[in-house]
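Next come two complexes built around chain A: one with chain B, the other with chain C.
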Partner chain A sequence: MSAAYEDASRSGIGNRLQRLLPKLVLSPTFLAAVFFLYGFIVWTIWLSLTRSTLLPSNTWAGLAQYRYLFDNGIWWTSLINLGIFGVLYIGLSMAIGLFLAILLDQRIRGEAIFRVVYLYPMALSLIVTGVAWKWMLNPGLGVQQLVRDLGFTHFSFNWLINPQMAIYTLVIAAVWQSSGFVMALFLAGLRGVDDAVIKAAMIDGASLPRIYWSVVIPSLRPTFFSALILLTGLAIKSFDLIMAMTGGGPGFATYLPANFMYDFAFQRGQIAMGAASAVMMLIAVGLLVGPFILLESRRKSDV
Partner chain B sequence: MSERDMSLHRHTPRLGRLVIYTILILAAVFYLTPLYVIVITSIKSLQAIHLGNLLSIPLHPTLQPWREAWSSACSGATCQGVQVYFWNSVHLVIPAVLISTAFGAVNGYVLTQWRFRGSDLFFTLLLIGTFIPFQMVLLPMAWVLGKIHLQNSIAGLVMVHVIYGLAFTTLFFRNFYITIPRELVKAAMIDGAGFFTIFWRIMLPVSTPIFMVTIIWQFTQIWNDFLFGVVFTSGAIHPITVALNNLVNTSTGVRRYNVDMAAALIAALPTLLVYLIAGKYFVRGLTAGSVKG
Partner chain C sequence: MRHFRIKHLAGAVALSCAFVAGNVMAEPTVSVLNWWTSGSESKAMGVLQEMLGKEGIKMVNDAVAGGGGANARTILKSRIVSGNVPGAAQIKGVSIQQWGRTGLLGNVNAVAESQHWNKLLDPVFLKLLKYNGNYVAVPFDNHRVNWMWMNPELMKKAGVAHMPTTWDELVSALKKFKAAGITPIAGGGNTWQVATEFGPVVLATGGPKFYDDAFVKLDTKALNSPTMIKAFKRLRVLQKYTDPNGVGRSWNHDTAMVANGQAAMQFMGDWAEGTLMVMHKTPGKDVLCAPFPGTNGSFIYNVDTMVFFKQGNAEARKAQDAMAKTVMSEKFQILFNKVKGSIPARLHTPMSSFNSCAQTSAKDFAQASKNHALVPSMSQNMSTYNATTGAIFDVLGQFYNSNMSAQTAADQLAKQVAVAKSQL
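And then the complex of A and B:
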């Protein structure tokens, strides 16, 4: 300590070094962000405007790739799938998460155990989640067979291999994986609600469900925001779960944009189109999540 | 935990509480069933799987599927089990977690205690970075890794995870260090303490909780990663998640469901253990990582 001090005060160089140190320490991260994040984003946008196929090319193609993209039936399928998956996944995770959090907020014996059980799926990778659910939903040996063994011999539950229904199996697995996490978010929010407000409502004779509906839940706005932003991001980026559970199939029935991007950029040698689909994903995140973040930050600075 | 519980919940009628507990227990069963199913399937013989059903308890439990999953199951053309890939993930996760956490710690220290013109802007740019879909960086990164001869290597994958983990680790430490009064640091500076002395003597001693959160968060993220692993590696370099996916989705041969489930459990064990041992920090990481800025 004293050595450093003497060094620093003895020479101007040491002094200047001390003043430079913070910036020096930050510079690797700064450079990484500039090059590997923002630089790469510009790079990918550029790629999407070229004729790159198997190898990157610098031949300008304007918006041609975006035209091809939106002329491509698989892309439309993946967008529609994302719509179905996203709405159901976000809606169900929020509803189940909030519901469980409210129940757990009722001075429950063994609350800690329930929390551990509800939340553990979040520790698992989506690949493991997908593998587990693929097994459970396997028509030959899974739930369908289980129910048939119970005597309901005509019971049918083959969603996993049914093109019309396969997308819903992804919803089941994804909700299983992250609803416990949403529960944890809401529980933390509930514990932060001001007691005085609730007590006042109780003295007024309001029933418990009524208090939750008109006092507690409205005050959880920031938690709703966090959960919504997070789940939206997760839905748009969904990739692993699909790879493990359905591989995008049957056919393209469970293709999502992330699968489209991977497939075209790295399997089919359509780099520019892959890049264009990635840009569309970025735009989607920006449009859906951006306003929320802006709104939140503005609200925060108002307070 | 608040004070309100006593007065508030005493009024819930007994029938209501019965309903609440029933729902909570049913929910617990729903969350636990997949784990139960993979565990029991992983110790059944193939014959027992075909004779029994999803939930039936194995009458003759066997560890053979585990042995096969570990050392001889085939994924793609190679039949060496998942052990190679398990160790790949171990070799990947340790340096990647340590390096990104170390950078996060000093970054957070600078961004809160040594602020300069533009440091807030820098932090905001980094924060936005946590929302950007990684699909936007895959193509350039593949090219760069090729140029510096780190394609298809653990070292390259470590680099990728360090770079894209920095925003999160910096965010964690920044949000933690912002609570440490700057007067403390200023006083130490007047006493002649330098940049690193202050970091070692003042910041680090109080940092254990945030180190736990960051390390656990990074460990789970990197261990569970699939996208970077599948794009930037091939064959024997795959991390465990990619190997597991290949194992389960190989189209050739008889499906060995019990081996698949054992492999899934092997891939899941490290993060499950971390969650069971340090669940408190895991949850804090999840909530801190969820944009609370």
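And then the complex of A and C:
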């Protein structure tokens, strides 16, 4: 009697343990994520509502820091720059990435080599490539000087030192870095398209561009979505490329919100204002990416 | 996998326990948070480490690279917030007072008294090192910011007979260099470099009293005055003669351009000497030095200091005292400053082993001190809080990289500084 009882209870504990074990194993990472991610988000929001300067303080300031932020000319410059940089960077990376992917999709010989060549920039740190691009785009050292040395003495390509154009030079380097990665995404998408559909279109007499335009590309919708989300995130948090290439200059012509945040929170000892700008960036990501995620998840649940 | 993770965790816990225990039991230790990571700088910190080691004091060199100290300051703040307070940290200028108000600073009064710091240091520095009458910091060096560096061979080539001593002479030299097909000025690639040029320009245009009103007292009237407008006009002249490709180029590259004959001159503090020495050039011979034209007899100083933080146990305080004492010793001040290109902060230190530029610097410092012509560097964060310095930099950056008028720049300067002050 007692032995049987013990058996039953042991197996009960065993069952419970088995059910609890995954949760137990996951709980440290879960707690860490809650604390280090969401905890610090909350702390940042709190800091943005205080008068923190050199060190975090808890003196309430209401929305004053946000008012300062939106009175600040550099913040507006950063936002406009982000608009220019973001649209061009995402658009060009997607267009070039898709184009490369379609070319590679033609089952050419040595595809693996091309794939590695195009993907390789993503493996390099932006700090490293940024410095290389800085030299290449510097009028006195790089492309301009090279072409002039070849005999075209009036050739001019001085975007990097022109406050109006410097932001575009950042786009060049950023697109160079990301388009190979976008290509890899699209190539995977393209390979997922059912051959039967393409063959059917071919039998109907459609040309190759027509097949891609009307059949293949529309079916890449999820890939477009992932690429867009990834690139949007990369654009908003762009920081290292700017530090390496222009340091935010000339003047503050190439500041992006992330540079603004770093500068005010850590260089200038205005932690609260830096936090306010960080919160604005978070809201921007939420506003841009949120609707996409909602839309996509609804589509999936509809299906 | 599961096993691995648990073992990992246990290991980490054990390690951190050992770390805490180690901290309590070891010999007197002082952790020094700084951003001196370049070859010569870390060598100089090595000298300090060695000298302290001989006295049985362990110095941990917590050097954090990059960002002109921003990274180190960030780490300092996070260490303080998490309760891991360093023994000393590189903080300078008026920020020392700002940190004093946090109540976190300790003092080295006993050492200062026994070594008679009040006689070893200029009154201007004493004021800087004290908070509420306590010595909270120790000075490592004394940099002069209002220097002009020039390549003598290019001077010969362009027919510039001697180092310009007035603004008009400077302009005529600039014209001669340009006419000879030589890039007159290297610099201006970053806003702080522009600010480093602008400080001496303001000093030359308005004199020490005006500089003090503008960049120390931050007087709105001085910031938006005819004198300031004139200074901006002069900065515009310098910009016109500067190599336009300097964007993102660092100051030591500019120094190298002057040394190699690619540009005629640079306006930069005496830390340029460090770069020249790395290139095996002799400051004062291969590259000439002179005070920025019109600032002869005045001295814009930039003093690197280490601030001491309150420590719980007596051993740690002992280590701080030993560090302060060693840093102020004649031997260390000579060794350190010869490497760094600066002059000793300690007065009456024998200068015979220094190069001629450093000797001039020491002589001019004594002279300027007598004449009340010592002013703190705006561009190196000596005279104003970082937020205000940032506001000044913003206006300078905008002015330098656009065709903004000098009048608008002075207007903006007064406005932006007032805004930055109100937000603190």
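Heads up, the rule we're going with is that the second predicted complex is superposed on the first by the 282 of 303 C-alpha atoms of A that agree within 3 Å, B and C clash if a C-alpha of one lies under 4 Å from a C-alpha of the other, contacts with A are read in each partner's own complex, and residues count from 1 in each chain.
As a working rule, a contact is a pair of C-beta atoms (placed from the backbone, for glycine too) under 8 Å apart; a residue touches a chain by one contact, two chains touch by 3 or more.
The structure presented is a predicted model; accordingly, all values stated were derived computationally and were not measured.
Student: Identify whether chain B and chain C fit side by side or clash on chain A in the overlaid structures.
Tutor: On the shared chain A, the partners clash.
Student: Which chain, chain B or chain C, ends up touching more residues of chain A in the combined arrangement?
Tutor: Counting contacted residues of chain A, the larger count belongs to B.
Student: Who does A:132 touch here: chain B (first), chain C (second), both, or neither?
Tutor: The first partner, chain B, only.
Student: Figure out whether A:75 sits in contact with chain B (first) or chain C (second), or with both, or with neither.
Tutor: Neither: A:75 stays clear of chain B and chain C.
Student: Is A:273 touching anything from chain B or chain C once the two structures are fitted on A? First, second, both or neither.
Tutor: second
Student: Touch test for A:252: chain B only (first), chain C only (second), both, or neither?
Tutor: Second partner only, chain C.
Student: Could you say whether A:89 touches chain B, chain C, both of them, or neither, answering first, second, both or neither?
Tutor: Once the two structures are laid over each other on A, A:89 reaches no partner at all.
Student: Is A:263 contacted by the first partner chain B, the second partner chain C, both or neither?
Tutor: The second partner, chain C, only.
Student: Quick check for you: in the superposed arrangement, does A:120 touch first (chain B), second (chain C), both or neither?
Tutor: So A:120 only meets chain B here.
Student: Name the contact category of A:56: first (chain B only), second (chain C only), both, or neither.
Tutor: It touches chain B and chain C both.
Student: Should A:25 be classified as contacting the first partner (chain B), the second (chain C), both, or neither?
Tutor: A:25 contacts both chain B and chain C.
Student: Just which bits of chain A does chain B share with chain C as contact spots?
Tutor: On chain A, the residues that contact chain B in one structure and chain C in the other are 25, 28, 56, 134, 141, 247, 262, 266.
Student: In the complex, go through chain A and note every residue touching chain C.
Tutor: Against chain C, the touching part of chain A is residues 25, 28, 53-56, 68, 71, 73-74, 134, 138-141, 158, 160-161, 163, 166, 245-247, 249-253, 262-264, 266-270, 273.
Student: Would you mind writing out the residues of chain C in touch with chain A in their complex?
Tutor: Contact set of chain C toward chain A: 2, 5, 9, 67-68, 70-71, 73-74, 77, 80-81, 95, 98-99, 102, 189-191, 243-249, 385-387, 389-390, 394, 397-398, 400-402, 419, 423-424.
Student: Please name which positions on chain B make contact with chain A in the complex.
Tutor: Residues 1-9, 11-12, 17, 20-21, 23-24, 27-28, 30-35, 37-38, 41, 49-50, 53-55, 103, 106-107, 109-111, 114, 116, 119, 122, 125-126, 129, 131-143, 163-164, 166-167, 170, 192-197, 201, 220, 223-227, 230-231, 241-242, 244-245, 248-249, 257, 260-261, 264, 267-268, 271-272, 274-276, 279, 282-283, 286-287, 290-293.
Student: For the complex, give me every residue of chain A touching chain B.
Tutor: Touching chain B: residues 1-2, 4-5, 8-9, 18, 21-23, 25-26, 28-30, 32-33, 36-41, 43-44, 47, 56, 100, 103-104, 106-108, 114, 116-136, 141-143, 145-146, 149, 176, 180-181, 184-185, 188, 191, 195, 198-199, 202, 208, 226-227, 229-230, 233, 236-237, 239-240, 243-244, 247, 258, 261-262, 265-266, 271, 274-275, 277-279, 281-282, 285, 289, 293, 296-297, 300 of chain A.
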